[in-house]
Amino acid sequence: MTVLDVLPDAATAAVLDESSKREVRRAILTAIAIPGYQVPFGSREMPVARGWGSGGLQLTLAIVGQSDIVKVYDQGEDGGVNAANLRRLIRQSEGVNTTTDPREATVIQTRHRVPEDTLQSGQTLVLQVPVPEPLRGVERDMHELRRMHAEGDYSKMWVSLYEDLVRNGVITKTTGYPCLVGGRYVVATTPIPRWDVPPLHQAEFLSLFGAGREKRIYAIPPHTDVEPLTFDDVPFQVEEVSTPCRCGLVVPDGDRQSYQVELPQQDGSSIWACSDTDWCSRQRVGAGLLDPATLTETEVEL
Amino acid sequence: MGYVAAKGGFDAIRAAEDLVANTRLEGKSSWLDLDQIIDRLGYAVDRVMGEGGLWDETTAARAFRQAEGDVIESAHLVRAHRSTLPRFGTTDAVDVDEIDVMRRIVPAFREPPGPQLLGRTLDYTGRLLDTPDEDDARRSALEAAAARAEQPAVDVTEATSDVRVPGRLLDVLRQMDLAVDRRSNDDPEPADIARVPARPGAPRSAVLSTMARAESGALVALWYRNILGPDRNLHEVTLGEVRHGRLPVRVQHPLIDEQVEIGNVRVTEVEAIEDLDGPDEDRTKFDVGYGLTFGHNERKAIAMANLDIALTRADAGSFLEQSILMTTDGLDSSGFLEHLKLPHYVTFRSMVERKTVERKTDERPSTEAVAS
Amino acid sequence: MTVLITDQAQAAMDGAAGAALTVNGLTKHYGPILGCQDVSFNVAPGEALGIIGESGSGKSTVMRCVAGDQDASSGSAQMSSVDGGRTDVLTMAPSDRRALRVSELAVVYQDPSEGLDLAVSAGGNIADRLTAAGWRNFGQIRERAAELLDRTDVPLDRMDDPVRTYSGGMRQRVQLAKALANRPPLLLLDEPTTGLDASVAAGVLDLIRDLLEETGVAAVVVSHDFKVIEMLTRRCLVMHRGEVVEEGLTDQLLEDPQHPYSQRLVGAARG
């Protein structure tokens, strides 16, 4: 018999013990109080490896309660293997309900995407972050990085944007585009496409960023300015859509609709599909292109 | 399309888990018992405890078996297990001079104060692959075990206490006034790197904890990089102490409020002596680096002691501190490396899009205008 | 009114009235080793002051302490552009001191890699200073960078090449362009032509002299070379073993040095 055998069940946890969750919550509160500031935290080892959403997982485990409904998706897909694994862990560990519909979810854990649906007040978006340091590309020394953030000295970042424009004619930064949050800290918008950056600006919802390996948490609270770094005369560009998508909902040069991913075909051509699979399904049902029954399909319990 | 179908994720995971279970749990051979792993694969168990940052041979052996011999994966299992456990408290600090050695060598002197105790080592045994007949080997192992059981054990307690608990070479160097004294009280409470992430600027206790838990291969590689590679923060190191021994574990008893000894841990401990030759150093003296890790892992403890002294001497602009703190954790590095296997098609699409836009030269802003 | 009187009284007390830079009793020790001892001087707006001495005389230490690259052990320094000369810049917080380097104070180093990012283009190096000062329009940044590089005789068809690909003389010209980007009132030049070929050095010196005249920037020129001091300054200090041993008009000092060390220095230069 060990000490653990005499403890009440609540004190032992499947994944993360309660006092560690409290530590994470304290770091979250600091992060919300200082938008964009990377708060160090004692990141625990999770059943998933570093780099596989261990930071996002700790955030979600720390903030969910019995009444929460959690959505977990990866690349915009609820069915992705890693998303499925994380969802299983969260459900088993915390006993919460899960969903694929972001409109129903109170907490949405995501890798590389922001839902196409406009999230509302009261919802929390948890982003898995591989590299939280936006300036790493221009500076490796962590002492100097700390100084640059503390003094708001971002001229090296501006120089890199300048050099990019001079060399390539366009700003070639792709995902994880650097943004100024609340007019103070530059953050890495974890590899979400540029397409997903505008919804973070003056949002109704709370965004929490968790980097498990690098042991950092940062936040964009609701109603906070999120400005992609760019020159006044060089507009920020989101990804272009050049071909109609296969579901027939997105046409090029149309209004903002949905981020598209490319599906290369054997013959060298490509077709295009919406990255947000849940959004796409609902749109197709609405347009009479898909059987509504597919939406209510329940997941298998493992 | 392997990642796509809505239920495909679960089905694929379940199928993968089935494949793992097939060989690990069912398999064709007999079940591997924990005591076999602890007895016969001791170095692996020790590495798992060291890199997992948790002393418990049974837990480490369990992890090693579950991970099918993958040490880094085993350390991950141990650490993730630890995340589920509440903390009841901390052990009291013990003086490492209390170490009860099973092996102690002092390369720096022929006859140091205290013993040169070779102990259990393969250092001087030819690396020849044994190829016995399996049945003969199994039979002779059983016979040897039986014979040992009949004979009275060698009474190790007969050895005098100054042999089992020798003084350390650093004290000798201090008596000879040959060691720089860097003892200070500015880091009294050892940093807990599980709670406060160790970042550049962290106290020495955090740096030492990081290395004690680091992946063995990462420390060796960083050490070698500093010998032969571009970093060159190491110069003329001589080992003072290499020890493998037992240290007591003591806690304050919660009810009687007294210190009680609750067991012991095996550790490998190393002191590395560095010849000081820098312009702003006391060139009449030596300085010493320290390494200590769970279990018997001399390679790791030696690398650690070397890197500790190298960091003390490193220039302000050196990246050594950052390299030790940020790049030697096995879970960090291998987890991040393996995450490259995850789907990245959303981000890759964004990169492809920029390439396409770059090619449309007509969209370039007129950067050339001013240079004309 | 009271405030005005106080300000004037303060300025008079400091002896800093109108001076672009006032240094008083500047001392720097490196452990037991003396860097410089009790160095005091003023630089008027638009004036170029020379500091001459051999290597190890402490002249570069003075410059680095004023620039904020090193912390002084004691003494004070005021700049008229900073808080009207009332604040001792040596006691400012490190972050505030670094902020001065954006547009109040620029340094041209002997080694271009100290003042430039060699991996970045000439234009990008200038963009560094401009964006730090808040410039956010790409076209305007390009224009200003081109204007500065044109003025410092850097061929514009090279402005997008990494500075690493430039010759030594060109690198110094880019350093000058970068230093002057935000029109600082004070410029510190530390051996700006040392290490360059004589003909290249002469060209850079001509450029510096013209720029000092044109921009009206106050300057401190640190050099071991009398020719540099003679060409760029009207007044100079002679430093020896960390201390100022003589001070005067550059012409007179060259004609009639008083201190034995100055005499030796001049003799060597003339010899």
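We call the chains A, B and C, going by the order they appear; numbering starts again at 1 in every chain.
Throughout what follows, contacts are C-beta pairs under 8 Å (C-beta built on N, C-alpha and C of every residue); 3 or more make two chains touch, one makes a residue touch a chain.
Quick caveat: nothing in here was measured; it's all calculated off a predicted structure.
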By number of C-beta contact pairs, the top two chains: A-B
Of all other chains, the one whose Cα centre sits farthest from subunit A: C
Distance between chain centroids, defined by C-alpha means - subunit A, subunit B (Å): 33
Cα-centroid distance, subunit A relative to subunit C, in whole angstrom: 48
Separation of subunit B from subunit C, taking each centre as the mean of its C-alpha atoms, in whole Å: 51
Residue list for subunit B, restricted to those that touch at least two other chains: 365, 367
Sequence positions of subunit A contacting 2 or more other chains: 165-166, 233-234
Junction residues of subunit C, two or more chains touched: 138-139, 160
In the complex, subunit C residues that touch subunit A: 95, 98-99, 117, 120-121, 123-125, 127-129, 131-132, 136-141, 160
Subunit A residues touching subunit B - in the complex, by the definition given at the top: 3-4, 7, 11-20, 23, 40-47, 49-52, 54, 74-85, 88, 100, 111-113, 130, 140-143, 165-166, 168-170, 172-175, 191-195, 213, 215, 233-234, 237, 239-240, 242, 259-262, 275, 277, 294, 297, 299-300, 302
Interface residues, subunit A side, partner subunit C - complex: 147, 150-151, 153-156, 158-159, 162-163, 165-167, 231-234
Contacting residues of subunit B [partner subunit A, same complex]: 3-14, 76, 79-80, 82-88, 192, 194-197, 199-201, 319, 322, 326, 331-332, 334-339, 342-347, 349-354, 356-358, 361, 363-365, 367
